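We just call them A, B, C and D in the order they show up, numbering each chain from 1.
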Amino acid sequence: MTVRTAVAGASGYAGGEVLRLLLGHPEVEIGALTAGGNAGARLGPLQPHLVPLADRVLVETTAETLAGHDVVFLALPHGHSGEIAAQLGPDTLVIDCGADHRLSNAQDWERWYGSAHAGHWPYGLPELPNGRDKLKGTKRVAVPGCYPTVSSLALAPAVEHGLITDDVVVVAVSGTSGAGKSLKTNLLGSEVMGSLSAYGVGGTHRHTPEIIQNLSAVAGRRVNVSFTPVLAPLPRGILATCTAPLTGTGNVREVYERAYADEPFVYLLPQDQWPTTAAVLGSNAVHIQVTVDEDLQRLVVVAAIDNLTKGTAGAAVQSMNIALGLPETAGLSTVGVAP
Amino acid sequence: MTVRTAVAGASGYAGGEVLRLLLGHPEVEIGALTAGGNAGARLGPLQPHLVPLADRVLVETTAETLAGHDVVFLALPHGHSGEIAAQLGPDTLVIDCGADHRLSNAQDWERWYGSAHAGHWPYGLPELPNGRDKLKGTKRVAVPGCYPTVSSLALAPAVEHGLITDDVVVVAVSGTSGAGKSLKTNLLGSEVMGSLSAYGVGGTHRHTPEIIQNLSAVAGRRVNVSFTPVLAPLPRGILATCTAPLTGTGNVREVYERAYADEPFVYLLPQDQWPTTAAVLGSNAVHIQVTVDEDLQRLVVVAAIDNLTKGTAGAAVQSMNIALGLPETAGLSTVGVAP
Amino acid sequence: MTVRTAVAGASGYAGGEVLRLLLGHPEVEIGALTAGGNAGARLGPLQPHLVPLADRVLVETTAETLAGHDVVFLALPHGHSGEIAAQLGPDTLVIDCGADHRLSNAQDWERWYGSAHAGHWPYGLPELPNGRDKLKGTKRVAVPGCYPTVSSLALAPAVEHGLITDDVVVVAVSGTSGAGKSLKTNLLGSEVMGSLSAYGVGGTHRHTPEIIQNLSAVAGRRVNVSFTPVLAPLPRGILATCTAPLTGTGNVREVYERAYADEPFVYLLPQDQWPTTAAVLGSNAVHIQVTVDEDLQRLVVVAAIDNLTKGTAGAAVQSMNIALGLPETAGLSTVGVAP
Amino acid sequence: MTVRTAVAGASGYAGGEVLRLLLGHPEVEIGALTAGGNAGARLGPLQPHLVPLADRVLVETTAETLAGHDVVFLALPHGHSGEIAAQLGPDTLVIDCGADHRLSNAQDWERWYGSAHAGHWPYGLPELPNGRDKLKGTKRVAVPGCYPTVSSLALAPAVEHGLITDDVVVVAVSGTSGAGKSLKTNLLGSEVMGSLSAYGVGGTHRHTPEIIQNLSAVAGRRVNVSFTPVLAPLPRGILATCTAPLTGTGNVREVYERAYADEPFVYLLPQDQWPTTAAVLGSNAVHIQVTVDEDLQRLVVVAAIDNLTKGTAGAAVQSMNIALGLPETAGLSTVGVAP
């Protein structure tokens, strides 16, 4: 079986990572590569690491250029996927790496993104309870945000088994590629290197409602999440520290071991070993460690992902595999590039 | 007035930073420089940035070599200050950059450091309520740990004015120099660059009891602090994210403005501007911003310091200035080296 | 004596570094701060490390706003200094941190910069032979480029004493701040971190004719220089590797020792110690080491500076000090901020 | 065909990279993993990115533990390969990632490494003229050093076609992993980040004779190479700037195009695009660009590799593929992990 794929937004970081993974996927053929402002340009200078595609020319992102593919990956700025997706046929598997179809609640969408809600699609995080079932055979996938991916996987087992209260605090430190290739002063190398900064503080980051949506769905009730993202000087990687008061005396480690025993990409580290983002660089792995602060009776979970791989493009490919009935791990790896 | 100073542990990061600041201090003369394994070596190759001291030769750290100075800075590994300090005369101002004299409770010391308690000295964080008074005229100063400095200053006004509950969460991201010049694999550049990692998770980092001690003293009751440090790829700087549920409806910003209005080194940023560690690099400044997560009614404070300056050597010099009745800001600056 | 200064281009990296140094200068008062697109804004959010100036408001860069100061620093994009300088009175000391007045040959200027030549001013590199004399009492200073500074100081003694042939190769590795605060994709943190790249290869970088001008003036004949700059992942610092065949058997080290014996900012390292840019960060120091490749009979000189300090703003302040008859080292330091 | 492999030195950076590549190789089975001081330990904490091998236990590096494999990769400190290799049977393919068998001249070896010469093996750089032939069917491979790989490939076509004189200058900037996992102060993250430094200056780096050996073999006469390595703050990657005077008027670009037209891993970039190490991270690709400095009539070549992949482990696997008659690109990629 050869799956013919197209990537919209091929000159950005998310699009580039989708292409990097597709180049290593055994059952995929790469068709149209589209862009906005970069349409007409060769891919080579824009994504110099994708040597086999260097001579490909980017075309405009339109329903026409994207037509005729089995799978279309949308790696577009938030708010741009809805319209183009609506023009793609119901038989095309459309995988939206942007935020447009993540939130189920239209009011949430409008509050946080300030535009009309494009709708809610099956959510590309198969490791959540019943997450895999929603993706089998689907023709539409909303790829999770990078922070919601790592935070939800860090906390879902504890929430599902009632180990913690609803008073969750997440502080997640991220590399800069999560902000995309945007030309903003605060993203310049001179500003980023040697510096740490917080942003979207006080519950104002747009990934907040998505984390709450995920954990509340697992809990069957509203879970509150105080979420603060921190920007650190590295290109890729997110390390999330997640904590909440324990409710009782369940065996925390056992719960996590059971939850992820059969997951190909979630790796609960042996005791006393803590996650590092270097270990997951370029891989689809999630490294997790759990512990209990005995003095405070608090759960503390630390989890690491590569924001561009498991946090975006890896989840997109994993979801494609499930949706099409391919082996879930095809084209994906748990082996990071370190040091 | 010329103050004659000695620095024990002059080849390490803390000792080097003390020397960097003393070289710019208008009323200080630099006397003996001592070391352990590096005794006998020239300072130049060990601290190549301290050009004016390049030809100084390090001597053994003993009571004899440290005698005859007005001020002795101890920048020694934890557990090594007590014995040497006991041999220094009562008229010498001894400033301990290590942990030995920070904790007031001997049982806490023994639990966290595993050795006999050396005693409790006036604490070198003048910005805490009544903090300055304890330092005036003192002959002994315990310089705070870097994480306790930034965390305590971020939270003290809220704690003092009863704005938050006792359920505090601090996640602090740090550069690598806080770990000293130790030859450990996880501190190698190849391991650190491009990676984020958590350590001392679950309330096990030794700065935890010191943060609790500070905030509990301010509150007049036990304050619980869940503290997690994260290591990030930069040499200097700590960014702390501190959060706790609000207790009521006090005007948070006003409380912080009043608390730090007259502090020369604490800078409450204008609204909508968030701290970055680059802005405080090499300076004694603390940059703070506060906000309220309205959905959750949680206080979120973000604060940045340079762990080697305000977090260690700057606090040492500031404490010296206060103890000796010099201008508090002598030899110190609020101007960072950026970008 | 209080010198009243203005800084044009106060929101950029060069302007910010001039201000950082002026804040520590004992005889300077900071007057007008001007900008282009940022006029009207507070300085605080643009230069968060300059806390004492945070509430200053930037004004338009015009002859009027810059009038009434003893010294005007121009930290403007190349090609913008000539016109504004022409409008400043002959009694004002004008210090141009840009390239406009560096090249003596109008044809060179036109070839490399593509515009009309603004003229040639005394060159702010006092450590060159007779360099200091040209600056005493001058009212116009052309601050050298960062690469020419480090390359010229690395090679001038060898050229002056005829130790090497005219076939010089310089490869200089630089941090990113040399490129300014420009919003270019290749300067984004995500692109820069974890990467090395060469640019301006093949003798096409605009600093090439300036290096050749300097060394040819020292030699009294044309010196050829193959110059290649490399961009590395750090905010500040240049390390230049400079090599040329030896012509004879002169004592290389002795020549360098004599050349820089009395220079307050040039530090010839003791044998076996090699320069690092960390050691000069934020300082006006130049660290140099020389050696001979015995197999090839080649001179190899390695030199390090902070491109924003000795490479730009430090040279500007040093030149101001000389021009005004102030102590040459006022407001400047040889002490770096490390690690 | 399944090739059974062993890796000696599995806990180091070179060994870890060999394992990372072998995990993605379609025809390889991973057998014994051996170590020195780490024997007895699980691989997981030492190489946390190699999740599928986390539970493997390291055994002592001996002829016995390495016996019974088709291929043995030696990733040992210099000087340790000779003895163990001598004990491995003549039918085992032994691939030495260390320096021991690279130099053909015993006197050179003794001068540069100070021990007895272990002998000279076929050299694992198939892209050199006739390089591939020497590897077909061989049972012994000396993997090139990282600097010699990038420098030799950058210059071989020019040398082979007589385009340049014998007066070559190479300045190569490298990430820190080339120095291995050694516990040295100058390799600590705090020292490396934010700093550039040169080392092995003046023709004293041990890779110098290897570069000269390679280029001299291509030229058929002695080629002189002035080589200076520079350490920069990134974990992986080497960017080499190579220059020499042109001898005549050959079409440089054409020569390079022809030289590498059929090479699967060498990518001569389109004109005006310059190599970056980010683009080759984790890949076996070599990115090259050539130009002529018209003023000086000098060739300038810039080339980028990942020092751990094409510079070490990738070359090892590529050589294995050739030696065993497998597809040369099996388990290797030209696709980098960027940004």
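The definition used in the following text is that contacts are C-beta pairs under 8 Å (C-beta built on N, C-alpha and C of every residue); 3 or more make two chains touch, one makes a residue touch a chain.
Nothing here was measured: the structure is a model prediction, and the numbers come from that model.
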item	value
Identified repeat of the B-C interface (over half of residue pairs identical), from A-C, A-B or A-D	A-D
Rotation, 0 to 180 degrees and nearest 5, that superposes chain A on copy chain B via CA atoms	180
Centroid distance [mean C-alpha coordinates] between chain D and chain C, Å	37
Rounded Å distance, chain B centre to chain D centre (Cα mean)	44
Residues of chain B whose C-beta touches two or more other chains	13, 175, 177, 190-191, 193-194, 233-236, 276, 278-279, 281, 338-339
Partner chain D, residues of chain B touching it in the complex	13, 175-177, 179, 181, 183-185, 187-194, 233-235
Chain D-facing residues of chain C, complex	167, 169, 171, 173, 175, 190-191, 193-199, 201-203, 224, 226, 228, 230, 232-239, 241, 243, 245, 274-279, 281, 289, 291-296, 298, 300, 302, 304, 338-339
For the chain A and chain D complex, residues of the former touching the latter	13, 16, 20, 23-24, 42, 44-45, 47-52, 54, 177, 193-194, 235-236, 267, 269-270, 273, 276, 278-283, 285, 287, 333-339
